[in-house]
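What follows is chain A paired twice: with chain B in the first complex and chain C in the second.
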Partner chain A sequence: MIHHLLDALAMLGMSYVIGFLFYGFYRQFNARVQRRWGPSIWQNFFDNMKFLFKSETVSHGAMFFFGPMIIMAGAITTVLFVPFLKDSIWLQGFSQSGNLILIIYLLVVGPLGNALAVGSSGNPYGVMGVTRGLTRLMGLEVPFFLGLALVMLQHQSASVHVIMAAQDGIANWNLFTNPIAFIVMLLPFIASQNASPFDVVGAPVEVYAGPRVEFGGRLLGILMTQNMMMTVAKLVLIVDLFLGGATTVPILLVKAFALFLLTAMISLAFPRLKTEQTVDFFWKIPLALGVIGVIATVWLPWS
Partner chain B sequence: MNLIVKLLFLALSLTPAMTLLTWDGGVAWPLFGGITLLFDLNPVPGFFLLLLALGAPLVALPMLRGPRDEPAYALYALLLLGMQLLLLAGDFIGFFVGWEIMTWSSYLLLLRSPRTNLEGAQSYILFNLASAFLLLAGMLVFYSFTGDFRIHAVTGLNTLQQLSLLTLFGLAFLIKVGALPLHLWVPRSYDQAPDVFSAFLSALMSKMGIYALILLLTLFPEGLAGLFGQFLKGPAAGYVLAWIGVITSIVATFKAISQEDMKRLLAYSSIAQVGYIVTAIGVGSSLAIGGALFHSLVHTLVKLLLFIAIAGIVLQTGHRRFIDLGQLIGRMPISFFGVLIGIIGLAGMPPLPGFASKYLIYVSLLEAHWLLLLAAMILSSTAAFVYCYKLIYGPFLGHANSPEARVATEAPWQYLVPQIVLMGLLVALGIFPGWAIEILIDPVLTALGMTPIGAPAWGQLATAYGGYDGVVLMSVFATVFVLVTAIFFLLRGRMRQAGSPYDLSYAGEVPTAETPLHYGAGLGRELRRIPLVGWILSHSTQGFYAGLVRQTQAAAGLLSGLYSGNPQTWILLAVLILAATLTVQTLTGA
Partner chain C sequence: MYHKNECEGFQCEQRMLEDSLGQPNGEFGILDRLVAWFRQRSLFVLAYGTGCGAIEMRPLMTSRFDAERFGIIGAPTPRQADVLVVSGYLAIKTLKRVIRSYEQMQEPKYVIALGSCAINGGMYWDSYNTIKQLDQYLPVDMYINGCMPRPEALIEGFVALQKRIKRGDKGGYARYRENIDWYKANQRKVLGDNMPPDYTYDWYHTGDLA
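Moving on to the complex of A and B:
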């Protein structure tokens, strides 16, 4: 019991710290690419603390308040169901009681909680943002799931532990044994991280109001916190699935950072797409690649 | 008097439960010509009888509200009788009689709605009669092959015979479940039926089609695999059926998103959900059939809950369209929770059991190596989030858009009691998916001659691909939710309620009561800009049938080119053929 509690707290703390550091780095990186100075690497932490300690928060009814609580609970549950390390009793959370398909579904709890809260606020722009978000989700889930399904089929298991354990040694990483699955799910993964070029849902400048429009003060702080933690959970998940997982925390950090850097570079290189363009793109390029992957690895006789 | 009639009716609605609990031993009733009617309770129909036993009283309770309506009560009783006959029947005659009683009594109940128009009623009865006649033809063909009306495994048929039976029965039952393009009657009748009765149509009557489809598996012991062999690791014939199911669910999901009426949305969503079940039956492995049964159970509970909650809204406000409702969350909180739990189950979100059943179906598709089907199913089940959100946003959130929605009160208790029961059942099943597997589904699988799925504990769902623990999941989520909320309140700072509903961040303007702020009906309209969705939504099944008619007429036009128009030619031809036949017969000495 004590072990579970300490383990859970360690996972949450770790995902929070990595979260704001990675986001801080992203803002620096972004600024340098655009030849600005950019904020300090701690800036996201400062922003988050500022929001969390605001003295006044406006609420639009009970559901508006409980929405962020659902999102936060969903994010923490997700973090606790992703194993951070392999061959270790630490940083496991409750991952033995879950599996990959469950985690993919838990990732969606957040957007749905947000949708309820925004709907309750009565702001039509917020609801439009939610619709954009759900539409993008519909686009990205298909190739994302197909990519992960290829991995599940390769290892005959939906358990993250089994998939991680099968990748001993760099040559057995799924990144190398099943590269097509990695390519298929990479771009949808970037979209699920709410990163450019698929970030029109809550884009800060171009679109006046996204799903977060009515939130302020501590509720916005909660949303920001869960966003950073979710980002880390997803990164760790992909590290577990494709980069062989990690046995120690430093290795995990290096692998997660490498993956983050890759997605950040892709994000910075491309301009933002409209929602329908995003969906159409996902249903054409990554999905077509996925179909080719299925035909090549499942249908054809040599597989 | 009034009370007595109503209590009697309620007691009648408990008959499926009584049958389920007290049935012992089979009944054989000799008819003319050596044909015997057999009735017995086997595990497979027993599962569906359980659904009926659960659903019948929950639908009957809200039907009791308002003035006494004896004809409706009588027809409902008749309907229950027909469905029990159908489920208990051990031979096709009893099955057919039950099927017909069900069709006609539900048709007459449908006609009692003031909203039913000629088109809706006609399409309901025409499609269902077509289904019944296909069933009749199927059972006669079955009799001619086997010389027996009993429902039993048939062996020794050649491919052509199997195929003819499968086509006749399959079409009959696919009409009943509303697979594309045979679904035309579903949205019309679910939409026009009396509000509470729609729950029965969607939740229970569509399951009779599922039962019949699963019954087909008992007719052919080697199942779909015996017909055209294997495709990857599943049956090739099932692959076609699975695609029918998935395409049905994709198209119906996008149609559901574009609806402006709550009941029509739910009708299309029913088609989509039943599509998943058809897909699972197509996979045909024990895990898939388990998933199909589990999904039937979940869909029954969810659709009862949603249709009854929506019926309550329609009763209290008189409106059915999203654009006329809004902001009922404060005035109808229990209905709000009902719809919330319902859509979480419908969307298949963990920890509710919708996830467990979808999980079984996904894993069965993985095991069969049918990944493209899996991707297509993910498409429709993710797109379902949009209509689920529309269903809760339109009536309950946003701004009240009609005078009735501004003053509505909570639905009467007859509507709330079933909702609370169903919410409880859904949450319990979500925590204990293994219980449903062990107690409800494994006996059916054993009776079908398949390996039971099994569960290590009541809270756990286990498959060869791994599983999850519903108890851990639910307790982690609930604990975290409570802790987060508590910590939030412990932190410094206070919450302030917004001054008015128009206190919004609205593009630098201040909205007023005249500003159109409710986005209910428009939600999902933007999806048309996506080429594939736009294409699906710009085509209709009626267009498909019109195209079919045009093609048939064109083919007939080609054939009529052969006809010369001069009767003498035809008479000459007839005489010549007669002469030729006679000559041949004479020559061969026959």
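Moving on to the complex of A and C:
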């Protein structure tokens, strides 16, 4: 019992710390690309703390308050069901079998809570942001789940632990044994991180802050916290599924950072697409690749 | 040289306001100190570009002067902003919008008056439809003088504001709460019946003063 409690606290703390450090790095990286000095690497932590200690006088009814709580609960549960390490008794998460299906469900809690909270605020920019987000979700979810299904099919298991354990040695990483699934996953993953070519939801200067436009003080702090934790949860999930997981925390950090750097570089290189272009893109390229992947995995003789 | 120490007439109003500001800093404990430190490291700016001063905010935020290294970054909406930068003269029509934006910001919040137009009217001193002293309508925390101030001066002003926040000074929002009647009377003097709606400062009606 105490072991579980400590484990949960360690996972939450780790995801928060890694989250703000990665985002701090992202802001510095962004600044250096634009030939600036950029803020310190702790800047996201400062911002988050400041918002958590600000007042919040805006109120649009109960749902406006519960929406961020739902999103935060979604982030916390997602973190608690993603195993961080393999071959270890620590940082294992709360479920050993079938947790991938559970995670798929939990990933949708965030957008849902967002829609509930913003819908009750009635701000047109917020509603616009949520509409754009749900439209994008329509595009990105099919290839995302197809990629996950390909991995599940390959290993005949819906447990992240089993999939992680099957990838012993770099030659057995799913990144190399199933590259189509990785590409099919990667593009929706970038979108779900709100990185640049697909950042239609909170699009700066287009819809102001998007869904967050009406949140100011503490609630915005909670939203920032959950965003950082969710980012780490997704990064760790991809590391578990495709990069062979990690046996120690430093290896996990290196792998997650490599993946984060990849998304950061892609997001710095490409400008933002329009909403319909995003959906078009997802329905064409990743989905087509996913279908090819399914055919190659299921029907072709070498599979 | 003639140097006047005492205020005369309406000038005393400002003195009176500032006297009421001297809060005891006794309960500025370790947690407050920490929060104040986070606060000064992260200022989200709502740049209200009313006049030519807005042109100085662009180089401040972009690569040349890069205010982000001080933790200063633009905020998309007043709800998320900490600092309201009023850059330039204020026509009576814009004053109404500025007041509304200010009252929508979450506390603690600060106001920076940029350029001489916001300080004493500047070159619009005898204009029929601009206000002269911003401080009579909104509590200004920091003045940055110049016509226009260079981005270096703006950075200097922001750093001075950061020092005050770090020291735990309450800032203008406390003054606004304490002297709301005076500010509202001044605003009513220029806006007349055209006052902004009062639900943005509804703490005034619920008796939640100061």
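One rule holds in what follows: the second predicted complex is superposed on the first by the 296 of 303 C-alpha atoms of A that agree within 3 Å, B and C clash if a C-alpha of one lies under 4 Å from a C-alpha of the other, contacts with A are read in each partner's own complex, and residues count from 1 in each chain.
Definition applied: contacts are C-beta pairs under 8 Å (C-beta built on N, C-alpha and C of every residue); 3 or more make two chains touch, one makes a residue touch a chain.
Being a predicted model, the structure only gives us computed values, none of them experimental.
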item: Partner chain in contact with A:Leu106 - chain B first, chain C second, else both or neither; value: first
item: First (chain B), second (chain C), both or neither touched by A:Arg27; value: second
item: In the superposition, chain B vs chain C on chain A residues touched; value: B
item: Chain B versus chain C as contact partner of A:Trp299, first or second or both or neither; value: first
item: Partner chain in contact with A:Trp37 - chain B first, chain C second, else both or neither; value: second
item: Partner chain in contact with A:Ser55 - chain B first, chain C second, else both or neither; value: both
item: Which superposed partner A:Phe46 touches (first chain B, second chain C, both, neither); value: second
item: Partner chain(s) touched by A:Val213 [first = chain B, second = chain C, both, neither]; value: both
item: Intersection of chain A interface sets (partners chain B, chain C); value: 53-58, 208-209, 213-214, 217
item: Chain B - residues contacting chain A, complex; value: 232, 327, 329-330, 340, 347-350, 355, 359, 362-363, 366, 369, 371-372, 374-375, 378-379, 382-383, 385-386, 389, 392-393, 396-399, 463-469, 472-473, 476-477, 480-481, 484-485, 488, 491-498, 501, 503-507, 516-519, 523-524, 526-527, 529-532
item: Chain A to chain C touching residues, read off their complex; value: 27, 31, 34-40, 43, 46-47, 49-50, 53-58, 204, 208-209, 212-217, 220
item: Of chain C, residues touching chain A in the complex; value: 35, 38-39, 41-42, 44, 62-63, 66, 68-71, 73, 76-77, 79-80, 82, 104-108, 203
item: Touch list for chain A against partner chain B, complex; value: 52-63, 65-66, 69-70, 72-74, 76-77, 80-81, 94, 97-102, 105-106, 108-109, 111-112, 115-116, 119-125, 127-128, 130-132, 134-135, 137-139, 141-143, 145-146, 149-150, 152-153, 156-159, 162, 208-209, 213-214, 217-218, 222, 275-276, 279-280, 283, 287, 290-291, 294, 298-299
